[in-house]
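Following are the structures in question.
Below are two complexes that have chain A in common, paired first with chain B and then with chain C.
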Partner chain A sequence: MEILVCIKQVPDDSVEIRLGADGQPDLSAADPQGNAFDTYAQELAVRFVEENGGAVTVASVGPEDNKTCLKNALAVGAAKAHHISDDGIAGADAAVTANLLAAGIKKIEEADGVKFDLILCGRESTDAIGGEVGELLAEALGLPFVSDIVEAVPDAAGLKVKKELESGYLMVETPVPAVMTVSKPDYDPRYPTIKSKLAARKVKIPTIAKADTGISADAETPKVVFAGFEEPPKREAGVKIQEDEPADAVAKAFEIMTADKVL
Partner chain B sequence: MAYFITDDCKDLIKDIRNFCENEVKEQAYEAEKLGYSDEEAADEIIMEILGGIQEMGIGTLPIPEELGGPGLCRIDRAAIIEEISKYDSGIAMTFMANELALDSVEIAGTDEQKERCYEILGEGGYGAFCLTEPNAGCDVSNASTTAVKDGDDYILNGSKCFITNGTIADFYVVYAITDKTVPAAKGGYTAFLIEKGTKGLSAGSIENKMGIRNSHTSDVVLEDCRVPASCILGEVGKGFQVAMGTLDIARVWCGIAALGVAQRAIDESVEYVKQRVQFGKPLAKNEVIQFKIADMQMKTEAARQMCAYALTLIDRGEDFSLAAAEAKCLAGDAAMAVATEAVQIHGGYGYSREYPVEKLMRDAKIFQIFEGTNEIQRLVVGRATIGKI
Partner chain C sequence: MANYNTLTPELIEQLKAAAPGHLLTGDEINEDYAHDEMPIYGKRMPDALLMATSTEEIAAVMKICNENLIPVTPRGAGTGLVGGCVPMYGGVVIDTTKMKQILEYDLDNFIVKIQPGVLLQELADDCAKQGYLYPPDPGEKLATVGGNVSTNAGGMRAVKYGATRDYVQAMKVVLPNGEITDFGASVSKTSSGYSLLNLMIGSEGTLGIITELTLKIIPAPKKVISLIIPFEDLESAIATVPKLKAANLGPQALEFMEREIVLSSERYIGRAVFPKEIEGAEVGAYLLVTFDGEDEDSLFDLVEKASDLVLEEGAMDVLVADTPAKIKDAWAARSSFLEAIEAETKLLDECDVVVPVNKIPDFLTFSKKWGEECDLIIKSFGHAGDGNLHIYQCSNDLEEDEFKRRVDIYFEKLYEEAVACGGLVSGEHGIGRGKVKYLKESVGETNMALMEGIKKVFDPNLILNPGKVCYTL
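Coming up: the complex of A and B.
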């Protein structure tokens, strides 16, 4: 099975990010990396082809710098990588990203002479946390869509997938080609080896220019416009209960909670 | 870190840091604590950690590129080893011991012997350098392990101690007296390459150490261990020179591992002084603390530069013996001083096992002792500096 995994490059989400004086997030300490849910999608894809045959291709929409996350993906099992440039699009929303991905995917299929059976995205990105690109991509490509999968196996119909729900799982059968988003499976992405990483760093990743995708002017125009970031309000100091006797302290606590209608 | 490392290496270090954060940091700390009460359970954790590191290909670092290694220069390799040592110097020592054993083979071995060792390391195996004996520590010439010629073979008898990787090695470089009539340094000592499973070679009791407890340190016992003459590394009687050449290189690697301990002590201290509030402000706002941190940083960085210089000399094929002694001594002393200061900065908590700095202090001590004590290093540096009297 030919699988395409869409990867977004995001700032390291283990680093606390604050707004700078210019109102923009200060990303100086947050190295760019592949979005965590996209890495889960890739691991699921790589395990699938190891078991059932096929190949995994990865693609990322964004600036030239996105090749970093694509190279990392090549080091952990992807056979090919393609960069889709969004040069000239300011503030792409989820729909524009999905449209550009859809147009780019068609170009990748032409260039590599493949037809993807399965296109995977992470369920959401760790920076924007929109969770919309997968659904919109399926819409743009006119393909069946399943969200939040954690497992996929071949099936007479195409694929049988395990979809995560809040209170359990749903087993779904779907024909291929299809688009799916991936949640966190019960395993972690593999680590690159020194050898695979060094080899991946040497790969020249082709770029598909936005102009070559044939995307329409309407499809590349954001409908949702970014207005600005805002930090959450700072935590206010709590109430100190400083009674000497424990019984008095407890009584005071009850008094405060009662006044605040907590009790 | 102030090595001039390649972009390739910078990228690799991110991966290794990520791996160590998730798979080594807590696990190695847990194994270290568990080892006091349940050695077997601790060893299971250690072997799992080593397995993961091997999967990443750390064991292949010393293998030449044309034979399947990653082809990184020594400074890149050093930066990687320091990173691992930051998380656990005992684990790092396992790979240092590989280098140590391999260095002897690279100095004196045949192409066939070298390729065999590369093959073993490439498959995730380990090496052990067996020089020290109960009565022959720094005084290598006082060794008593013998290798007696018997037809085309040699029969080895004796006991080596404090051997890193003693219980897990796949190949052992063993030094033995082949001629009792001449001093070891003058033709009496010979190096042998012996593979695991050879009859008569066994690992003895495991050392109950103060620090680097996650490394496998044990006796290696030779009882009528018969090996063919093809196991000799280099020439008969040239073992002392091979051992000394090996120790010269090993001293630098030893310094690199020590730097990992020092850097971790700095990192832990910096984190602590920012969050620990005393007298109404974080410790970090006190000048006395800032001065302590500055001294820790300067000691570590100076030693790091010395190690990097020694490695550069090796890469350039220039004489590095003096630089290696200086690097090992500076780095070992830096690790001990910095780790001790880290405990001081942490106060009572630093003395507790709830914080990692007490482990770092225990781990640091060995770097002033093995691969030639720091007194020996000072002897080397002093004599070289003074010259002929």
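Coming up: the complex of A and C.
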């Protein structure tokens, strides 16, 4: 089975990010990396082809710098990587991203002479947490869609997948080609070996320019406009009750709550 | 021999007046204050507990205790492993965990000033936000930095950056008589008489109580990569270490771990991180190595050289952790070893010994042989880069007295062997109450007499943390 995994490059989500003086998030301490859910999707894909045959291709939309996450993906089992170049993607909405991916995927299929049976995205990105690109991509490609899968096995119909629900799991059979989003399976993405890592660092990743994808003007016009970042209001300092005796402290607490009409 | 007095109601009133609202007695004291993380070394509740908030408050309480011969035991987060903060003779415990302010940074001079109750993790995180690194990295991140200084804690990065001692520039101390003094200075070198600062570091709360610390920090390395290196057995893993060091690649951390302890840890944290099998062959041991550098390309050159070397020396493979999430996962398993052992063990003791690096395999073989002789379960890990081994003795079926009897025989043998091959009793956990006997045997009477003499100069009434390090009753 030919599987494509879409990877978004995001800032390291273990770093606390605040707005800088210019009102933009200060990302200087947050190294770029592959979105966690996309790396889960890739691990699921690599395990699938190891078991059932096929190959995994990865693709990412964004500036040149996105090749970092693609090289990381090549080190852990992806056979090929494609960069869909768009310096302005950071301001785009989920629909534009999905449309550009859809147009880019067709170009990748042409370039590599393949037809993807399964296209995977992470269930959401750890920066924007929109959780919409997978669904919109399926719509743009006119393919069946299953969200939040954690397992996939071949099936007479195409694929049988385990979809995570809040209350448990749903087993879904679907024909392929299909688009799916991946949640967190009960395993972690593998570590690259030094050999695969060094080899991946040397790979020249082909780029498809946005202009060459044939995306229409309408498809690349955001429907949702980014208004700006705003920090949540700081919590006001509370009242410290510092009476020595517990009885006095309780009395004081009641006095404050009564005055503030909490009681 | 000191004759201590007990706390009378009048003395408690005096202490309460000296520390209004911060002195607890009787049932107000949580039973955790009777022990540290190694309760096998004895438990005892304090008669009073000071939740200290200032140097002056500690000084006032110390003065009263000194004048009335009341023993005082300082305590940080209680994460020690040698019974160092257990008030074996009752009296007052002074808890510094409420003194947890990071006071100021002087980034031009690479200095941070803190109160002693700041937790290691809090200091590390705060320094990282400034773009700096506080290099000491002991496994227990919820220890107080004051506690780290008191035991000269080492940790993972000691192989490149040294132990806590190397990062303490100055401190404010309350002496046992209540006097407040400063040791050291915020300058990078000194040659100004005996180093009282260095006497305090590693003195385990027996000479004075640290109430403020001036610490050295360094610009944070721009890029960090960890390598998980599986081997078929521990011997081949350890045999690689001197060669890795000789190659002058400057690893920041260089840890070894055996298969069993990794399995325990992964059961504890609930996720599998390390490979257990490489191309059909079972992995028997691992090295976990971290390199740091200023840019990715030069760091990968270093990592490639290190990988070539270990593969030539018999490593089964080299796995690369170069993203924050992967590095965190690899080290989370390593950092949970002690908790993992505790979770699976009823009775536990530990030998925190340091030996020359090239003696590690022989020493571990010796430790296993004597584990079998004494019929104790032995679990080991440690800092391969500096020869500091943590060898745990475990039992789930022995009675405590019998366990202690066997552990005593075991310790005698191990420490004798450690000293014979050029090592010492403790690499980083300290002596506390648990290792006094073995320290005496290891350093000899002359050195113990010097230590006792120093103790008496600082603490003539012998009220501060009695029964620990060099002074037993």
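As a working rule, the second predicted complex is superposed on the first by the 242 of 263 C-alpha atoms of A that agree within 3 Å, B and C clash if a C-alpha of one lies under 4 Å from a C-alpha of the other, contacts with A are read in each partner's own complex, and residues count from 1 in each chain.
In the analysis below, contacts are C-beta pairs under 8 Å (C-beta built on N, C-alpha and C of every residue); 3 or more make two chains touch, one makes a residue touch a chain.
This is a predicted model, so every value here is computed, not measured.
Superposition of the two structures on chain A shows chain C clashing with chain B. Once the two complexes are laid over each other on the shared chain, residue contacts for A:201 go to chain B and to chain C alike. Of the two partner chains placed by superposition, A:166 touches none, neither chain B nor chain C.
By the touch criterion defined above, A:244 lies against chain C but remains apart from chain B after alignment on the C-alpha atoms of chain A. When both complexes are overlaid on chain A, the residue A:236 reaches neither chain B nor chain C. In the superposition on chain A, A:218 makes contact with neither chain B nor chain C. Contacts of A:31 after superposition on the shared chain: both chain B and chain C are touched. Between chain B and chain C, C touches the greater number of residues of chain A. Of the two partner chains, neither chain B nor chain C is touched by A:22.
In the overlay built on the shared chain, the residue A:260 is in contact with neither chain B nor chain C. The clash between chain B and chain C in the overlaid arrangement falls on one stretch of those listed (165-173, 183-191, 237-245 or 381-389), that is 165-173. Chain A residues in contact with chain B (one complex) as well as with chain C (other complex) are 31, 188, 191-195, 197-198, 201. Listing the residues of chain B that touch chain A in their complex gives 7-8, 11-12, 14-15, 18-19, 22, 52, 55-58, 60-61, 70-72. Listing the residues of chain C that touch chain A in their complex gives 20-21, 128-129, 131, 227-228, 271-273, 275, 300, 303-304, 307, 311, 317-326, 328-330. Looking at the complex, you find that chain A touches chain B at residues 31, 188, 191-195, 197-198, 201. The touching residues of chain A, when paired with chain C in their complex, are 12, 14-16, 29, 31, 33-34, 36, 72, 75, 187-188, 191-195, 197-198, 201, 242, 244.
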